[in-house]
């Protein structure tokens, strides 16, 4: 019963198999291999457009490097107060961007709105005394298990594009967002105005693999230099390309995400049966957040379940001091019986 | 006949097998897994001392992060003019150290001496108008196929330690150096005064795996933050730990290195038979450098052999305009017959 | 009637005279001159302790450079949400510190408390996923015209010192704080646990002059390098030293501050007579903040008075939509009759 | 007899007078004052073109900030091995550019040629493994007292402009170069292809004042942010503007430079009379370099003369071990009798 994160689970067998299959013979290093080239082609197919894709090994690196193409060091990136780039990456965006300001805005349910961003931008009235707003970053699916629908992404784009700002999407869980929303990759990204995407694969079945994808092609111009400088150009790059190919083939990635999302709904439905538990946000991807009494929380942990209590900042008064804001993350590999076993534990109280 | 680099070859089957074996069930993420812990313990055993080891995915990241613990942004790191940190990493050390100066000193055979470093340090007489010399970095085996013996490393340490400087070793090919020198890991590193080591595994049989190892333990104090900030803390960290365990088990790493080194000597011996070829440097690890007529070079490439011409800066007048300085890198996986086939080609002229 | 800032006024005649007096003959450059040396000695006398002082030309540089000695790039500096380092310096602290997080905490009256900082520190439970808290920065006098008394500074120091954190004071208006509190420089700084001080002089009568002062001497060790690297080592350094000597001589700096503070109280007393105006914070230095109807505000501006409306974030519900949060800054050089003329305008409504 | 540097002399009386004259009343801060605006207009007039000028307080800051607009952190700036940005600014260009590589090329007489730069660029064949060449920086007058003539500057521009690189001129002594060459400011800068200029004033009569001037206007777009972030936007900015106005008025700057250059020629002529002294480089500005026996050097110092021995790297075999490479810098304020007194000392041997 491990719901601590989707990254506690392993690699999908097909991805693992692809690593073994790629292991024969020699291959050009540093991104010159055919797997890497094919992976980029496959991503073009998946997104239905021209794009540039750069494979890296971690989501933090993907985000930092992507943002470094969107903002100079004197710029600001606006995001949700709980965004990974704001509070989970130990100043990594600051490192890669050369010191840009990551401005996290508090908002319920993990989502920021154009109205909120517009209000923030109106505060930037003092020229160079403020940093220059250069980008907005939306996490999709969000840190709170919700999703930005294409029209929401588009509305943000329409606000900031005329101001010369770029739109980044942190897609560490974009497969789950796509599965949850039932939209195409194109609809959720470039058609909605996304300029750069951190395309996550690790959490959803890969081993260590993310792609920085540019839909706004000029942003990619010098990105190979940025990736190299960031220590993210792998010498044996074929093993990144091979992971990506297996991950995308036959929609494995969407398959995985759908399964995780289904389990999330199953968990949500079960938790809703418990009188002591409230589900404050819609469950739109593979995460479930629940407010529960601390006593119950302690008993569940003691019974062997693994999950985290989360920062309740976004809840305001909706949580009492003796309550816990619990997070459950479902993975493509979470056993279904774990969900059922856990719900039985909850039912016992 | 691919001698372009050791990184054009794949992953050792035992390392690959370890990835599969580690794929069962759940594991704590972000370095909390048992593989990672065991890998650090195993490295203590291998080096015969207490140490702190941090696993990362690339050698460039290992170097940049290691150096960031040795020098502030106003510092200088002294190394050979052809060191990887000086000319192959696109300002990555500058990124991770916050702008430190990487001072490459020209010297024959890929090695800098204490005398050369001392002379350089004497030039730093103007206080803060110069950067502050903070570290020396030795690449071992060097970029030119030679090795620093323990007494050479120690002599460097004895020069700089009293000046408050730290000693880094870029061990992208440290296994080859150890195999070539016939010394123990302890003798070549901490016993010789090395404070921090980039311990390479990728080139010698791993998939993407290096370790930043601190023998000077206080340097490791905040290094977890540095690694995270550098985008190098893998969420599914078990796959780094598992690689390292397989790589070190039963001396696989040294076995691999010995094989590559043996092939290098075999190639060297064969090349020496050719009247048109000169071997300017001792072959002490898994690289062979040869001066050959451009005509021969072109014919060898045309015949399908893969290897690079190298910058001849260290040769001075020892190379003629119509000659090429060719580099051959041997891997644990290079087929022995490739060496023999290639030598036959050379013999044909 | 210019109350826009204290920096709209010029240089005190004595400081200007000192520049002329220092203009004779030659002087060693880059900080080697006697004026610079004497300025440091004079600061030791003023603060009654050993210290290291580094002269620079701007408060933003002083803050960024000082913080760079207190925190690495993976660290965090905690301050008030409206602190100059958080919102007025365009990512300058991020530049000089190599990307540290500047964490501004919202709080009324411009002051953060140990309780608030402690609560914040409790949120840093995830090791390297968060930045490492390295320093607290207190602005004194604050951005809202209030002051931290020595016991408040000391309480902050006692909270963070056991955690290995350092205490910085942004003393852009420290003379006004000292004058307002009626305490000695020693009492407000090192005796209260301040490790590093940005000692401002520009706003209070100098031309372009601030000092970074370290009471915690080891922090100063490599600071000369930091200042040089930051472009703040002036070649004709004597003109900084000479300013400082004149500024400190015969307590000119405190004299100037006392005058500015007196005018602030005079203005406050006058504004309090106006029924439409509320003074939300105590006036403890040379700034007065007043909540007034927008109509009145517009009329005052139209009548030629210069002052800014301020961000009302710290006021919460205490301000109505049709009200303005007006800031008035008094300078050593503000004509007394300007205050009286302005109060007459206010009285007219 | 102080020839240590031009910065050991003070401020020209007219510049000092301008500071006093600017001291009346209030003025908008942070660059909003009329002096600053007029200074930019005056610079347009002096250079005979549209431009953007940003005033700062030090040459190191001017260079670092200017370069930050020309190169990203993954870029390289090519310059002479003894350029100030390469060896005199303690990694300051690395700080402001976010870690760009400052590539100093050894060359005689302080000047690099298009041929040398072209050869260097040809070595950048490995894509992102190298930094991306983004700019060339020429110091004019050079560190060795020579000057780049307009046609030499233009030839460099014509080499690099088609490669997308920008041309920076470090004009810490540009007035001396103009006076020495007898050309107009326009001819030596924008007409010759200079994109950005560090326009020095401090060494030649100002107190602390340099301007970053962009002839390539788009480079200036966000420069106000860069200057602010670099701690170089002075609050009492009028005192920079006032210095610049006085410095440029009635060609004071060129007058000063002409006088310093005349003294340099006088010194050179005198030194040439001494059999034991050789003048290796042409004297084209306000610096004289002389090779002299160490014995003579010691006697001159003992007699009270102040000047530095310089790094003899550019001389190769042209200097013997018992000789010193002495540098003499002449200032607008150097007394003529000091030159004569010194030459008498030299004559005595």
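Each chain gets a letter, A, B, C and D, in the order it is written, and its residues are counted from 1.
The rule we apply is simple: a contact is a pair of C-beta atoms (placed from the backbone, for glycine too) under 8 Å apart; a residue touches a chain by one contact, two chains touch by 3 or more.
Note that the structure is a prediction, hence the values are computed from the model and not measured.
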Exercise. Measuring centre to centre, with centres taken as mean CA positions, what chain is farthest from chain C?
Worked result: B
Exercise. Chain C-chain D contact: same residues or different, taking over half shared as same?
Worked result: same
Exercise. Roughly how big is the turn, in degrees to the nearest 5, that lines up chain A with chain D by CA atoms?
Worked result: 180
Exercise. Distance from the CA centroid of chain A to that of chain D, rounded to the nearest Å?
Worked result: 50
Exercise. Taking each chain's centre as the mean position of its Cα atoms, how many Å separate chain C from chain D?
Worked result: 35
Exercise. Can you give the whole-Å distance between the Cα centres of chain B and chain D?
Worked result: 41
Exercise. Do you know which chain B residues sit against two or more other chains?
Worked result: 30, 73-74, 89-91, 95, 98-99, 128-129, 131, 225, 228-229, 233
For this session: With chains as vertices and touches as edges, which is it: line, ring, star, complete or other?
Result: complete
Seminar exercise, completed: Within their complex, chain C touches chain B through residues 30, 72-75, 98-99, 127-129, 131-132, 222, 224-229, 233
Exercise. Given the complex with chain C, which residues does chain D contribute to the contact?
Worked result: 2, 4-5, 7-11, 13, 16, 19-20, 22-30, 56-62, 64-65, 89-92, 95-96, 202-203, 207-208, 225, 228-236, 238-239, 306
Exercise. Considering the complex alone, what residue numbers of chain D touch chain B?
Worked result: 73-76, 87-91, 94-95, 98-101, 123, 126, 128-131, 311
